[in-house]
Amino acid sequence: MTEKITKNLALELYRKMVLCRKFEEKVAELVNKNEIYGTTHEYVGEEAVAVGVCSALRNNDLITSTHRGHGHIISKGGDIRYMFAELLGRVNGCNKGKGGSMHIADPGIGILGANGIVGAGVPIAVGAALTIKIKKMDNVVISFFGDGASNQGVVHEAMNMASIWNLPVIFVCENNQYAVSTSVKYSLKIENISERSKAYGFEGKTIDGMDVLEVYNNTKEIVNKVRSENKPFLLECKTYRYSGHFTAEKILNLNYRTEDEINYYKSKCPILSFSTKILNDGICTKKELDDIDNLVINQIDEAVDFARKSKSPEPSDALKDMYATEYTGIPQKGWI
Amino acid sequence: MTEKITKNLALELYRKMVLCRKFEEKVAELVNKNEIYGTTHEYVGEEAVAVGVCSALRNNDLITSTHRGHGHIISKGGDIRYMFAELLGRVNGCNKGKGGSMHIADPGIGILGANGIVGAGVPIAVGAALTIKIKKMDNVVISFFGDGASNQGVVHEAMNMASIWNLPVIFVCENNQYAVSTSVKYSLKIENISERSKAYGFEGKTIDGMDVLEVYNNTKEIVNKVRSENKPFLLECKTYRYSGHFTAEKILNLNYRTEDEINYYKSKCPILSFSTKILNDGICTKKELDDIDNLVINQIDEAVDFARKSKSPEPSDALKDMYATEYTGIPQKGWI
Amino acid sequence: MRNIYYLKAVSEALFNEMEINPDVVVIGEDVRYSLRGITKGFIDIFGPDRVIDTPISEAGLTGVGTGAALSGLRPVLEFQICEFIFFAFDQLVDQAQKLRYMSGGKLKAPVTYLIASSGARGGMAGQHSDNPYPYLLHSGMKTVMPSTPYDAKGLLVSAIRDDDPVAVFLPVNSLGTKGDVPEEQYTIPLGKGEIKKEGKDITVVSTGHLVKIALETAEELESSGISVEVYDPRTLLPLDRELLFKSVKKTGRVIVFDDSNRTCGFAAEVSAIISEECFTYLKSPVRRITRADVPIPFNAQMESFVLPDKEKLIKVILKNF
Amino acid sequence: MRNIYYLKAVSEALFNEMEINPDVVVIGEDVRYSLRGITKGFIDIFGPDRVIDTPISEAGLTGVGTGAALSGLRPVLEFQICEFIFFAFDQLVDQAQKLRYMSGGKLKAPVTYLIASSGARGGMAGQHSDNPYPYLLHSGMKTVMPSTPYDAKGLLVSAIRDDDPVAVFLPVNSLGTKGDVPEEQYTIPLGKGEIKKEGKDITVVSTGHLVKIALETAEELESSGISVEVYDPRTLLPLDRELLFKSVKKTGRVIVFDDSNRTCGFAAEVSAIISEECFTYLKSPVRRITRADVPIPFNAQMESFVLPDKEKLIKVILKNF
């Protein structure tokens, strides 16, 4: 946190982080009440990454997201009303209730989709960067992926292609140190995943992903570099998830992390540390932050309300949206 | 070529290289005469790699090979009579005529199979190394693969697993600088593929793959290291193929390499340079080398003869060998 | 006999095989802490050399399984989610499944793929709800899908002892069901189906968790005077054709009730072989009830709409008379 | 009209689309120097931004194709060998094919997979001889397999212009055949089959290079007084059911003559739907002639043994009377 920031930016970063956090808390609540069907992967603890990265982007910059994607979508400008509607399976959800938590897509604001398959979004991001290059546009693509995903073969392939084709893509590795129960200490023999960029001949950097300003400033710089030099970049953000791998993990009692470890990272909460910092620096007042908190809480309540009031799709809508160019006879129903 | 070598070793390395070369020349001849069905990928020019590596191994060390595998098989001790029989599709071929050029397997001498799919053998090698570790044996596994294969996702995955599990496997990258028509200058942004080992936390090295002694000595050293330290190693051998990607490439007129380039590498022929060297060093006489040449030529003629005289399988043998534990009804024929 | 959970029966089968045979090892994602519950506590008994966590590298770890099998181990690979198969597809259908044949019988790959939960589990949507066994059937891979705890234990043991790659699909909707299972280790041979209920009027070929639904349906229809025979192939490949044909020849009517995609699915194969072998016995066309050919949608009502269920089964059965 | 090679017709279709539409790019292994011959010379006309060589990274490049398609290009991916599909399988069936649906119709992936040569090419053995389209059919992917140069050109154009992923399989045994092909660009709609020869007694549903063999067979059997109708679906999904059913209802006898694996293959699907829809018209069981369910063996005689051919077709036709 070396650079000075404007009040506007500070409040905006704060607001977005709180929005991500409260959103997830509400989601977990609704999952536990079975109001949200299935389960979700919460982003709690990692807010500084999505918010820091996405706040440094333009609207027409693109992202691909992951199974743990709510934070990315919100930070990139997703409307939480349609997100909640999606999570409640409603017809005006972002995906008309077809996708749920892991598939929120919104090309209008540059979201090319989340992904339930670990690592699979990374080459898709590279493909979008290829479009940018071929069409001589000047936006960039961000591909979020986890520490676990870094060992997936397609990620290797995608990074190499991005490098040899000089594509404007930033690979953002959210290293929260675990893939479900598997620690990076087990799955990797290197300290920093960002070192892997050297294997493809481009630059990488590891930063503190609990510090939103560090993430924001680095992203700004890297985006400029990538835009002007047309080279990919691998940015690793070390972070931590406070919840289980997914909402219901607790009941499984997996115990792969110690309470001490979890508490240590909770003490470095990205929201708390940032608010403390901007208060101490006199950038804003306690009241201003409280107002934001209240605003966010209201916004979430309204969004949930909006979602609850939204219509459910017709069951038979399940056979729609499969093909963009339609033909009779497909998709086949399962019975006649 | 710094170290002294014994006469026995020198003659053996020479003999094997000549055997590989003459074998391939005969194979190409037979493919062109349609006596061998299909096409093959010749190893001509790259002999120093297979011979150097495999001569440093024990009989019970294991290898996985590639589509360009004849040299590996021969160097690991494959019997060329059964190899030719296989290439002629005979019942006493190594694979009973079922596999052909790209699938020669012989577990008895540590050959876990060649592979028609680029990169696919690499994790299989790692699995064999896992067996070695779990069963507390002391052999090692060599996985041959090409520069092209290095960009395949499974190779990345396999190397990482070998590293975190401390497995006795040596990844031997035969960098002949092309994957079909695609130059490494295009497909990679790094100078040496061996640098990639760092991405997984183990050692790598790039050596001159046209120099059989350099390959042999390095492999010896690395095998010892891998055996004692239980760590994988990535050995990159820079080499060159003199022929087209496969036997029939010439008629396609792809012209992705210049005549100059090909001639330059031909001038560095691994066989010629090695024989010159051992003659100059007084390790052996011209006559001794000539005798080997003749021996090899005879051996090949006999092997071809053997293969030609071998029986063809019954067409219906095609339905055998599919399952080790058999059940009625499978495999299904295609008609009833 | 004890009444235990399906999941427990699976766990027990694997545990016992690991006890008996030191070559049996389990390899997969999160098997030490046992996210899926099958290998719970195994690490304490068998240690990290035999309970092996992998990074998220499905193609690679499947290749590792093959290499381990070729060289003397008998690995059981746990596939945490069934879509795993897609990343590992080359290693499954083009490597493990083909190596023996291409080597002329010289290589042998005794590996078991334990697909720890297959099918729609409610709200997991398009990428966590598939039932991808037809992809493997098409490659000729031996494939098992036990419908009861008893079958699960006996079939898994057979799969592990089989000298070829065998895929074992555990239907997510069966994991929480209970049934009688002997304490001791036993086997059910691959390729042996079972008539789970005898009937006279119509044969329902049902798989996995749908067997239970077929049985319930059969009971319900008893009162309407329709006698339903429920055939459970248990092993999808090799398929117990004899038992199937016997049933079809008796009833003359067949419905294939299967929860995989329709086009080129398991039901298509069963329909085709019945046509070929029992043509003159058929009183009505072989009918298929399958998934619709769409990814599973998230919304619960849409999800039900595309999945095979009792309502659809009853409707189609009644249509056949 | 010119009489040109199948390969040339394919090349022309692609070339013209690239000329007309700057969003069409070709991506694949060795497409600059054109190992497969389809893109020969393209690099000189369209440059390296539109004729894009990839490293050997099939999963990755397929994902790249998807991403490019989602963001405004219309990529044609050349799959150098058909087993490519296996490495790319997740990106094909779990990504490209599902993304639109899972996004509720928000995403669109207009990408064409040009499987540059599919099937057994003589002596290439177990890993270079597959005909893996049933794997894609099962996922619901639109799939085309043109049997003539004319069909190849028209169908490839439709595939490229289609807004969904479409797989186009070029049978390796058809690439060197010739036929009449108009100079100008034209389309053949997906989902429209063709009766390649009318007949009265039996319908042979044939695909890819087998269409030619079916036609030869039909001619040969004319003298024996058997009138064979040859139906070529051209598009495997969507399938032209109407035309198929019309033919079957006319002849009452069907053989499906298809060069993919038998179990859960294309022939199984065709057999199943004919049973469902034409049951009362059938005079004899629907019969399948397919590959045997083994990898293709290397030896030429064994290779022939497991592949569908004229001899087998004649034998099975005669059996039906």
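Read from first to last, the chains carry the letters A, B, C and D; within each, the first residue is number 1.
Operating definition for what follows: contacts are C-beta pairs under 8 Å (C-beta built on N, C-alpha and C of every residue); 3 or more make two chains touch, one makes a residue touch a chain.
Quick caveat: nothing in here was measured; it's all calculated off a predicted structure.
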| item | value |
| --- | --- |
| Fewest touching-chain hops separating chain A from chain C | 1 |
| Per Cα centroids, the chain farthest from chain A | B |
| Geometric centre distance via CA averages, chain B-chain A, whole Å | 45 |
| Inter-chain centre distance, chain C versus chain D - centres from mean C-alpha coordinates, in Å | 30 |
| For chain B paired with chain C, centre-to-centre distance based on mean C-alpha positions, whole Å | 39 |
| Geometric centre distance via CA averages, chain D-chain B, whole Å | 35 |
| Set of chain D residues in contact with two or more other chains | 55, 57, 59-60, 83, 86-87, 90, 94, 101-102, 125-127, 140, 237, 263, 276, 287-288, 293-294, 297 |
| Of all residues in chain A, the ones touching two or more other chains | 95, 97-99, 103, 115, 117, 151-154, 156-157, 160, 164, 186-188, 322, 330-331, 336 |
| Chain-level touch network, classified as line, ring, star, complete or other | complete |
| Residues of chain B touching chain A in the complex | 151-157, 160, 163-164, 186-190, 195-196, 198-202 |
| Residues of chain C defined as touching chain A within the complex | 29-30, 32-35, 37, 53, 55-60, 83, 86-87, 121-128, 262-263, 287-294, 297-308, 312, 315-316 |
| Interface residues, chain A side, partner chain C - complex | 36-39, 86, 89-90, 95, 97-103, 115-119, 148-149, 151-154, 179-182, 186-188, 252, 254-256, 312-313, 315-319, 322, 330-336 |
| Residues of chain C that touch chain B when the two form their complex | 25, 49-50, 52, 54-55, 57, 59-73, 75, 90-91, 94-95, 99-108, 110, 140, 142, 162-164, 190-191, 237-239, 241, 276 |
| Interfacial residue positions of chain C with respect to chain D in the complex | 59, 83, 86-87, 89-90, 93-94, 98, 101-102, 125-127, 130, 134-135, 137-140, 237, 260-261, 263-269, 271-272, 275-276, 279, 282, 284-288, 293-295, 297 |
